[in-house]
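Read from first to last, the chains carry the letters A, B, C and D; within each, the first residue is number 1.
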Amino acid sequence: MIKLKNVSKIYPNGARALLNIDLEIDKGEFVFLVGPSGAGKSTLIKLLYREEIATRGQVIIDNINLMRLKPREVPLVRRNIGVVFQDFKLLPNKTVFENVAFAQQVLGKNKKTVKENTLRTLELVGLDRKMASFPSQLSGGEQQRVCVARALVNRPKILIADEPTGNLDMENALGIMELLDQINKMGTTVVMATHALHIVDMMKKRVVRVEAGRIVEDSKGEASTIGI
Amino acid sequence: MAFDSARYILLQALQSLKRNIWLSLASVLTVTISLILLGSAVLFLANTAQVAKTFESQLEIAVFLEKDYSREQLSDLQKQLERMEGVASVVLTTREQAVWQFEETMGSDSLLEDLGGINPFPDKFTITATDATLVEGIANKIMAIEGVSKVRYGQGILEKLINFTHWLRWVGITVVAAFSFASLLLISLSIKTNVNSRAKEIQIMRLVGASNAFIRWPFLIEGLIIGLTGALVAILVVGLGYSWLLQYIVTTLAFIPVVANQQFIINVLLLMLLSGMAMGAVASLLSVRAYLKF
Amino acid sequence: MAFDSARYILLQALQSLKRNIWLSLASVLTVTISLILLGSAVLFLANTAQVAKTFESQLEIAVFLEKDYSREQLSDLQKQLERMEGVASVVLTTREQAVWQFEETMGSDSLLEDLGGINPFPDKFTITATDATLVEGIANKIMAIEGVSKVRYGQGILEKLINFTHWLRWVGITVVAAFSFASLLLISLSIKTNVNSRAKEIQIMRLVGASNAFIRWPFLIEGLIIGLTGALVAILVVGLGYSWLLQYIVTTLAFIPVVANQQFIINVLLLMLLSGMAMGAVASLLSVRAYLKF
Amino acid sequence: MIKLKNVSKIYPNGARALLNIDLEIDKGEFVFLVGPSGAGKSTLIKLLYREEIATRGQVIIDNINLMRLKPREVPLVRRNIGVVFQDFKLLPNKTVFENVAFAQQVLGKNKKTVKENTLRTLELVGLDRKMASFPSQLSGGEQQRVCVARALVNRPKILIADEPTGNLDMENALGIMELLDQINKMGTTVVMATHALHIVDMMKKRVVRVEAGRIVEDSKGEASTIGI
């Protein structure tokens, strides 16, 4: 499903975010990305939905080589990927409902389906009562949950979540993790970057540890627990 | 594109206009000002051309004849002059008419009597040319005709007048060109600002998988609406303003030649409408383009 | 405010201009266009007034005398006319001069001989008034003087001309007012957009404890710089353009009266400079104000 | 130092974020604010530096009643308070260095002091090497640390931190907590909203729990440990 071959990412200002990364994630897997601040987790994730382009190496998603993608085809690839952004990226001029509905309207879904899906997903993350609020009128954790709802609403083949519980209390965080687990069980591949090691410990999934741009540990095969 | 998408896109455009209401109004105002300038400039140019043409067409050649021609001789001569190339009209002022005119001018009513019955005036033809540049050539040819004693035309002033009309035309064209350029610049700057203020929005739309067309359409529609609204206001101002001006000039300053051709005015207003919409659309597309590079 | 703060504020303004380079250039362009319009309008108005004045001052009263006045009588009469209220100048054209002029016009050189030595022309005074509105009154008074046979002035055309010059003035003032308003609007819109695009910046500055003055100064300086730059470009364009125009008109179209007064032109350019800076500063302050409410 | 008397906050759209809050924090105290997402923690914090104004009740900071403050005096109060915002609020057009220096220039400090302070504080949060980067060129955790540096740099009387470790790995988070503890020991009053209960447990400080806009628990006096 996801294949990175000898990938390096050096930002224009010279920051060496990723160095010779090799990573393979199968369809239906659930993978945690962990590592210290600035290790390169978000950069790796941005390569998967082509917000950034690798400086060297190949990134292959669903048998499509992102390095060879025509600009016109980029939206088509992104439609199969749901993303929870670390900085939320909600549209400030749209309400909670509109923000979640938007991701479906982009695909040309009809009005009724859009409405139903949006309401159901907002209920799942516990935000049906904040539907008409604008992002600036939400608490940090509420914004984060809107972002989760937007990523889930299209039932994407791949779900990518960058620190989706950073602003959530334990209860809400566990609720989100349960959602991700359910989605994963229904066949969606999940990649999640996080600092919440107690959650990683609890979930007992594959863990990839990144440090200074390199993969230093990969628990593939073993059901591992990684301490501090 | 499905009906739901089309509906969505129109709603988007309207919503965005409403939520950025001040910026939208600013854009409309810019379009309005620009198009008022454009429309006024075109009308000014047209009137300049009209005035220039009138100036030129009023350049006359005065032909004084030697004394004592009979009526028949005069009318033969008139026909000969009318046949000449470049001659637009020939008007005869006979010696008798000249006396009346002189009496009229001098305020005397007994000139011939005062002079002992002797008429000092020669017969005179007043000739206009089809084109101001032909005047000199025609004058020279007439000079050679037998029986002509003197030919006068504004030798010194003629060149100045031709110069001046050309200069007026040139100024008119410059003004139109400058204002068109300024209009385009201002509209595209205004819409570009509008788009810039939503750079983040566009980026997010791209990240959730919106196609370029899907992103572009609402902005295009928005640009069209801004352009259209601005154009309509400008058309109202220029249309009413010009018709008021025409009214004023025709009743009060009839000696100034104005362009009052209905069809022409409608064409100018249509030009403004199309310019507004086209500029709005083009400016939108150019502005979004920068954000659609993958 | 300490030196470090002053230095910081200037640096801020310059940096912000540089980092929002396109928006800054757009603002400068808007200021330039607006001030070119303003400057041109003022110069246009001044020239309109000049032309109007020339028109009016050229309104003449022609006074034809009864025959047979001696030199002394003529010069007495001239003095009497010159003493009249509202009379600016009195020029005498004697009967003899009238014959020469006529011969000149008609292209004849033997008029008196042709007429058997009888001069048909009366003596004539040409009078100009200090003000066009006085012409009719003066004419009526002169009519009553003994020895005057006829008084002529552009009865019909006079009112039209007065009308026209007033109208020209009125148009000029309207144009200046409209352009001044548009200038102010465009500049403040442009700077407002600039400030809007940094609403977040201002909010954050407030949250870390910046005083209103501290927030305002860089924007004020920025507005001043934009206004100044725009004004300088506009001054260059208007200054060079007008001096070129003067050159052209004086050499080619000397019959058009132009305003070539150096001091006046410098004043207009200074007005543009001050307007640009003032508008920039005022627009900045008004724009930031909205964000400084606590 | 900080006194809230019967404070309620109802947002213009009708959201009841805080209801009849009474809270007193002494000079030199270290207080954790905990509670579920949307409980009202950030709202309470925003009242302290007057980003929001209470709908009812009195907010008194350092003997100044914020309800009676003239607009002109607001900046003066804020200068005694360092804030780590939940959404960072970094100036996007300024580099890391400039962002931290800015908070001091606002106070009219001279160039040399500003430079020294900035460098020292950036070192403390481990970002001296990212000095010339713009916020958009930083990882989530790095942005958060810039925000911490900006709040600390003026040695404020009161330090308010809204979820300052949400995007940080355990190691960096502990580093930040150590910093806050040091600052607190030097006399600064610290108020910190957080979801990281393991950190709260570890620090053994006063804990105030907010739920649905009300204070439901306050450990003042006892050295408490509050579970999930």
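Just so we're on the same page, a residue touches a chain if its C-beta (ideal position, glycine included) is under 8 Å from a C-beta of that chain, and two chains touch if they have at least 3 such contacts.
Source: prediction; values computed, not measured.
Least step count on the touch graph, chain B to chain D: 2.
Among the other chains, the CA centroid farthest from that of chain D is the one of B.
The distance from the centre of chain B to the centre of chain C, with each centre set as the mean of the Cα atoms, comes to 23 Å. If you average the Cα atoms of chain C and of chain D, the two centres end up 63 Å apart. Centre-to-centre, using mean CA coordinates, chain A is 29 Å away from chain D. Listed in rising order, the residues of chain A touching chain D in the complex are 11, 13, 15, 34-39, 41-43, 86-87, 133, 137-142, 144-145, 162-163, 166-173, 195, 197-198, 228. Contacts from chain B toward chain A in the complex involve residues 1-2, 4-5, 7-8, 16, 19, 198, 200-201, 203-212, 214, 293-294.
Of all residues in chain A, only 49-51, 71-72, 74-76, 78-79, 81, 83, 85, 89-93, 102-103, 105-111, 150 touch chain B in the complex they form.
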